[in-house]
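Just below sit the structures, each encoded as structure tokens.
What follows is chain A paired twice: with chain B in the first complex and chain C in the second.
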Partner chain A sequence: MFETYIKDYNEAVFDIDKETALEVVESALQQGITPEQVVFNIIIPSIEQMMALIEKDPDTNLAQHFMTAQIAAGITETMLTKFSTPPEVIGRVIIGTAYGDLHSLGKRIVIGCLKSMMVDVVDLGVNVKAEDFVDAAVEQDAQVIAISSMMVHTATGEDGSLRVRALLNERNLENQIKLVVGGAPYRFDHELYTKAGADNWAADGVTAAKIISQLILEVKAS
Partner chain B sequence: MDLAELRVRAACGGIATCGACTIQTIKGEFSSPTLAEWQKIPAVDRDNGVRLACQLYLKSDAEVFLQDPAPTSNWKSLDLNDWSDYNTPQLDLNSAIYAIAVDLGTTHIRLSFWDRKQQKRIASRHGNNPQVALGEDVLTRLDVHRQRGEDLQSLSQIVRDAIIQGIRDILARDIGEIKSILEKVGLVSIVGNTAMLALLSGQDGSQLYDPDNWEGHIPCIPEDIEAWKNAWRMPNAEIAIQAPIAGFIGSDILAGILAINMTQQTEPVLFADFGTNTEIALWDGKQIWLTSVPGGPAFEGVGLQNGLSADAGAIRSVKKKDDHFILDVIGTDTPKGFCASGFVDAIALLRLDEEIKLSGRFANPNPEGFYLDKGNPCTIIKSKDIDAFQRAKAATAAAMQQLLALADISMLDLSELWVCGAFGQHLNLHNAQLTGLLPSMDCSRIKLFGNSALSGCEKMLLVPDSKEINQQLRNKIQVINLSHYPDYDDCFINHLRLIPFVGDK
Partner chain C sequence: MTPLEILSAAVNGQPAPRIPIFCNLLDQGARELNLSPKEYFSRGEYVADAQLKMLKRYGHDNVWSLSYVGKEAQLLGCKEILFAKDGVPNVADFVIKTWDDIADFEIPEDITLHPHWQSMEDCLAILRDEVGATHPICAYVTASTTLPVLLMGMDKWMELVLAGPADLRDELVRKCSDFIQQQIPALRAAGANVIVYSTPFGSPYFIPKKMISEWSMPWMQRDLASGVGDVVYYCGTAPYNNIVDLAIEQLKVAAFYLSPLDDITESKRIINTRGLTCGLIDDIKMIHWSKEETRAEVKRIINIGKNGEHFLFGTGLMPMDIPEENIHAMLEAAFEYGRY
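And now, the complex of A and B:
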């Protein structure tokens, strides 16, 4: 039964048709499907399928990436308010773009994927100072800091993730808080994340959400 | 003919004194030879139909032969024939009567040469910014420059050399004297985007990387102004780089605002200057809300598979008749690619035919791209071109919507929308609205103005209290950095589909 909804929903998202996607969800709810089922049985499987599909398709466009994440995040947030018991969140991540970087859309995709995969996200916005990342992670008990950079000089600059790494080290927080990075420069050079002082990186939103979830579990287990 | 690729030789500006612009008439009806032509052209040539191009008027379609064209040049005249007079007051000048307006863009340089005493434009030129060879956008150029570790002056020098070449092209062809005229130049006013002006003034552009400078004022005062004046042989000139407004908002937009008399309007006015960066200004009757969004190179043509700027060979408009496309190409029959206005037409027509879906994807998988003309690979539109266009138009539409929301103005209240910059005069408004590039408002309220920044810069030359007027204008500007508005991203994503932009949600 979920397959039909996933198919209709995916078709709408594929055509970046938000209204139809929302209608599919609405009709699923009317048919008695619970908000929990919408998130876990439609949205999460769908977002994974979509991202896989988009990655494979040479004709894919960025509009589809943005829309996939935006619709999924929007629906998940609405559904969370309708859950019968408060949703179980696996952990918390502090996210923002590197100091000196105003490119917010890559981060946007990752936030969409994280939210639909039940990770609590604190978005510090763009052009975030290293101190602010670390302070927020401590204050809000986050397990992961995620930093997006779209330019080489903000990815590898000393005011970006390198400074966050130095602060985590100075304050002896490296076991409690993990650092991940993403954005265009890391896609060109798959080893760049190590030069940026990060624990890991991801090439797309779904992978980022999975890697971040994994790190959250590792921190919680330790 | 100065608008075309082939230029006649010239050294007097078209007053029949140099006799250099000979051209042979082959077929068609022409005006009768003038007295000057009788004097300048030997009888044997005259019998073969040789004429002076500056004296010749066509009375029908005609064929002419240019045996000995002028050397090819980066510089061509601008078509400013439909520009009205500025009606500025007479300036009290006795020496240094000449002045030059320069609009320094990322891809193009536009300039015009004025006799301020007679309030007359002697000539205008546009040419490419030679820095394009180092990268399409500003940050790439700065990066290339940094990586090469070159002398900080070199990027600046490339542009200064280009500007003076354009000026000399005017003097050589339209006046016929160079040195003595350069000595009588009293003012060079330069507007442009922030990065270009910073580089021109001899800075390394590093301030542009610093977030603290994005909304702040970046002074562009060259330290070597005397050496610069010497290099240009203009001892009496004030070279005035009009300071940019903020990190990503240049003084070209200030000139554009001046050109359309924005602040003299009582009703709300929206202004968009399309380009690599698209600046958007909204006048609410009291202040100007001003922002800048990435257009990407899509609007300048250069970022597309077959993108061109609006020069010879560019498809500037596309129509459909029966089942084939009719391409209107600038200056020739063989298209070499699209300029921005032709590309918008193509997208709109392919949308109407359902060849492209609302999502921007081809209805049928099309890895090769879509050929508008089956035999010509220069007419291919690729899916990544459509994607680039979608992002550029969504950024613009979202910015317009955000400014309107901030100023609490409805799209219905706008008395005018000015479309300036890359699209020139050939944008089909209906097609632009169909793709969501321009808001769906009554087309009679939409004005196209291709060279608005140059026009505003010319006003700065001619108005006696120009500095005060500029300052008053600057005081009315409220710079908005859209990256501080979380709604902007959502708004951007909502505008990605190829659907009309109706606004007012």
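And now, the complex of A and C:
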């Protein structure tokens, strides 16, 4: 039953057709599907299918990634208010753009996907100091720090993720807080994340949500 | 032949001693003159001086009149730029904060009277006098479908484009296109002889091909109504091989500055003799490459593109962290392997 909804929903998202995607969800609710089932049996599997598709099809575009995240986040937010009991989150991530970087699109895509996957997201905004990332991660008991950079100098500069890595090392936090980076420069040099001191990276916002979720589970299991 | 003649020969497929070699050294100018970026970008004379000094030192073919991309936003009302000691300046004040601001947003009646235009004109005047007869002088123009990114931020613009009212979206694009229709002739009049037309929303990396065809292309035609003979199609290093046919047919553009992520063999096959294929090195990798790795990549790109002429070797935005020895290695290899 859910397969048809997932297929129809993803076709609409892929066509950047928000209205039809919302109609699919509304139709499911009218057919007696619960808000919990909408999130766990339609939205989350749809995002996972989209992640698999993006990995196989390099020709997917930023517009599709953006709408995947925005539509899913909007629906999930609405459904959560209708849950019979509060859902259990899988973990927490601190997210922001690197110090000196004011570009927020990639971050917004990642946040949308993560929220839909039941990850608690603390968004520090743009132009975030390294100290603020680490302090927030400790205070909020987060498993992952995610840093987005649109420009080379904010990706590899000494005030960005390299400084976060140094702070995690100084404070002996490297086993309990993992560092993920993403953004345009990393797409051009796939090894750049290691030079930026990160544990992992993602080529796009949707895939980033998958990698962050995996790292959260790894940290919690260790 | 002069670099300008070599470029012309490459565009037209005529004999030349070598391929054209473009190297985009923008943020390096402040370091060249030992100035802070804010001070450096405050005067067009500084930008021109640094461009000419770097041209002499490295020997590539082109100079730039561009200070930074946010200049266009400043011409349209942006009040704050965030300068960085080690990279590209950012727009820190968005002129359009909410959709309601679009109705009140106005294009200056004459952009050449704007204080921020003066520094570009000063820069171009020097470059034109010094090397205008011999070298390509590049100017940068952001397409009307992309310019709103500088005015309201990428995520807000993406939201309006994909899920907002089409009439509001197009009202803003029309105003931006009006600006470009002033900007391109003014840049030409001031001395620019290569217009690098940056159109990320003309790349299928950003939006679907269907949307490019039905929405972006008509606006691009309007932007470029004053002529395309000196226009280079560029998508901000986003790949766009499968849009080239459309751009040739609908825009009549004949120069394509591709992405390092495009397959250059495929680019060359598609463009063939219909225009100039500009093959780019992945200059972000040059930060960490050795001289030998840099040379090998230059050789690979030029070996693909050089045959059949109609080819230019170029760089992306050349991050400041690239070691100077790699810049020299890249250019030495380009001149060596680019000979006919």
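We adopt the following convention: the second predicted complex is superposed on the first by the 210 of 222 C-alpha atoms of A that agree within 3 Å, B and C clash if a C-alpha of one lies under 4 Å from a C-alpha of the other, contacts with A are read in each partner's own complex, and residues count from 1 in each chain.
The rule is simple: contacts are C-beta pairs under 8 Å (C-beta built on N, C-alpha and C of every residue); 3 or more make two chains touch, one makes a residue touch a chain.
Small disclaimer: the values here were computed from a predicted structure and weren't measured.
J.: With the two structures overlaid on chain A, would chain B and chain C clash, or do they fit side by side?
T.: Overlaying the two structures gives a clash between chain B and chain C.
J.: Please work out whether A:18 is in contact with chain B alone, chain C alone, both, or neither, and reply first, second, both or neither.
T.: The answer is both, since A:18 touches chain B and chain C.
J.: Is A:7 in contact with chain B, with chain C, with both, or with neither (first, second, both, neither)?
T.: neither
J.: In the superposed arrangement, does A:108 touch chain B (first), chain C (second), both or neither?
T.: So A:108 meets both chain B and chain C here.
J.: Regarding the shared-chain residue A:152, is it in contact with chain B (first), chain C (second), both, or neither?
T.: After superposing on A, A:152 lies in contact with both chain B and chain C.
J.: Using the touch definition from the top, say if A:171 reaches chain B (first), chain C (second), both or neither.
T.: In the superposition, A:171 touches no partner, neither chain B nor chain C.
J.: For A:62, decide between first (touching chain B), second (touching chain C), both and neither.
T.: Both partners, chain B and chain C.
J.: Which of the two partners, first being chain B and second being chain C, lies in contact with A:192: first, second, both, or neither?
T.: second
J.: Scan A:125 for contacts with chain B and chain C and give back first, second, both or neither.
T.: first
J.: Given 1-9, 55-63, 181-189 or 433-441, which part of chain B has C-alpha atoms clashing with chain C after the fit on chain A?
T.: 433-441
J.: On chain A, which stretch or stretches are contacted by chain B in one complex as well as by chain C in the other?
T.: On chain A, the residues that contact chain B in one structure and chain C in the other are 16, 18, 59, 61-64, 66-67, 70, 100, 102, 104-105, 108, 127, 151-153.
J.: Which part of chain A faces chain B closely enough to touch in the complex?
T.: 14-18, 58-59, 61-64, 66-67, 70, 99-100, 102, 104-105, 108, 123, 125-127, 151-153
J.: Inside the complex, what are the residues of chain C that reach chain A?
T.: Residue positions touching the partner: 82, 84, 86-88, 90-92, 153-155, 158-159, 161-163, 204-208, 211, 237, 260-261, 282, 284-285, 287-288, 316, 319-321.
J.: Please give the residue numbers of chain B that touch chain A in the complex, ascending.
T.: Those in contact with chain A are residues 139, 143, 209-211, 214, 357-362, 365-367, 383-384, 386-387, 390-391, 394, 481, 483-484, 486, 489-490, 492-494, 496-497.
J.: Any idea which chain A residues touch chain C in the complex?
T.: Going by the criterion above, the answer is residues 16, 18, 59, 61-64, 66-67, 70, 100-105, 108, 127, 151-154, 156-157, 184-185, 187-189, 191-192, 195.
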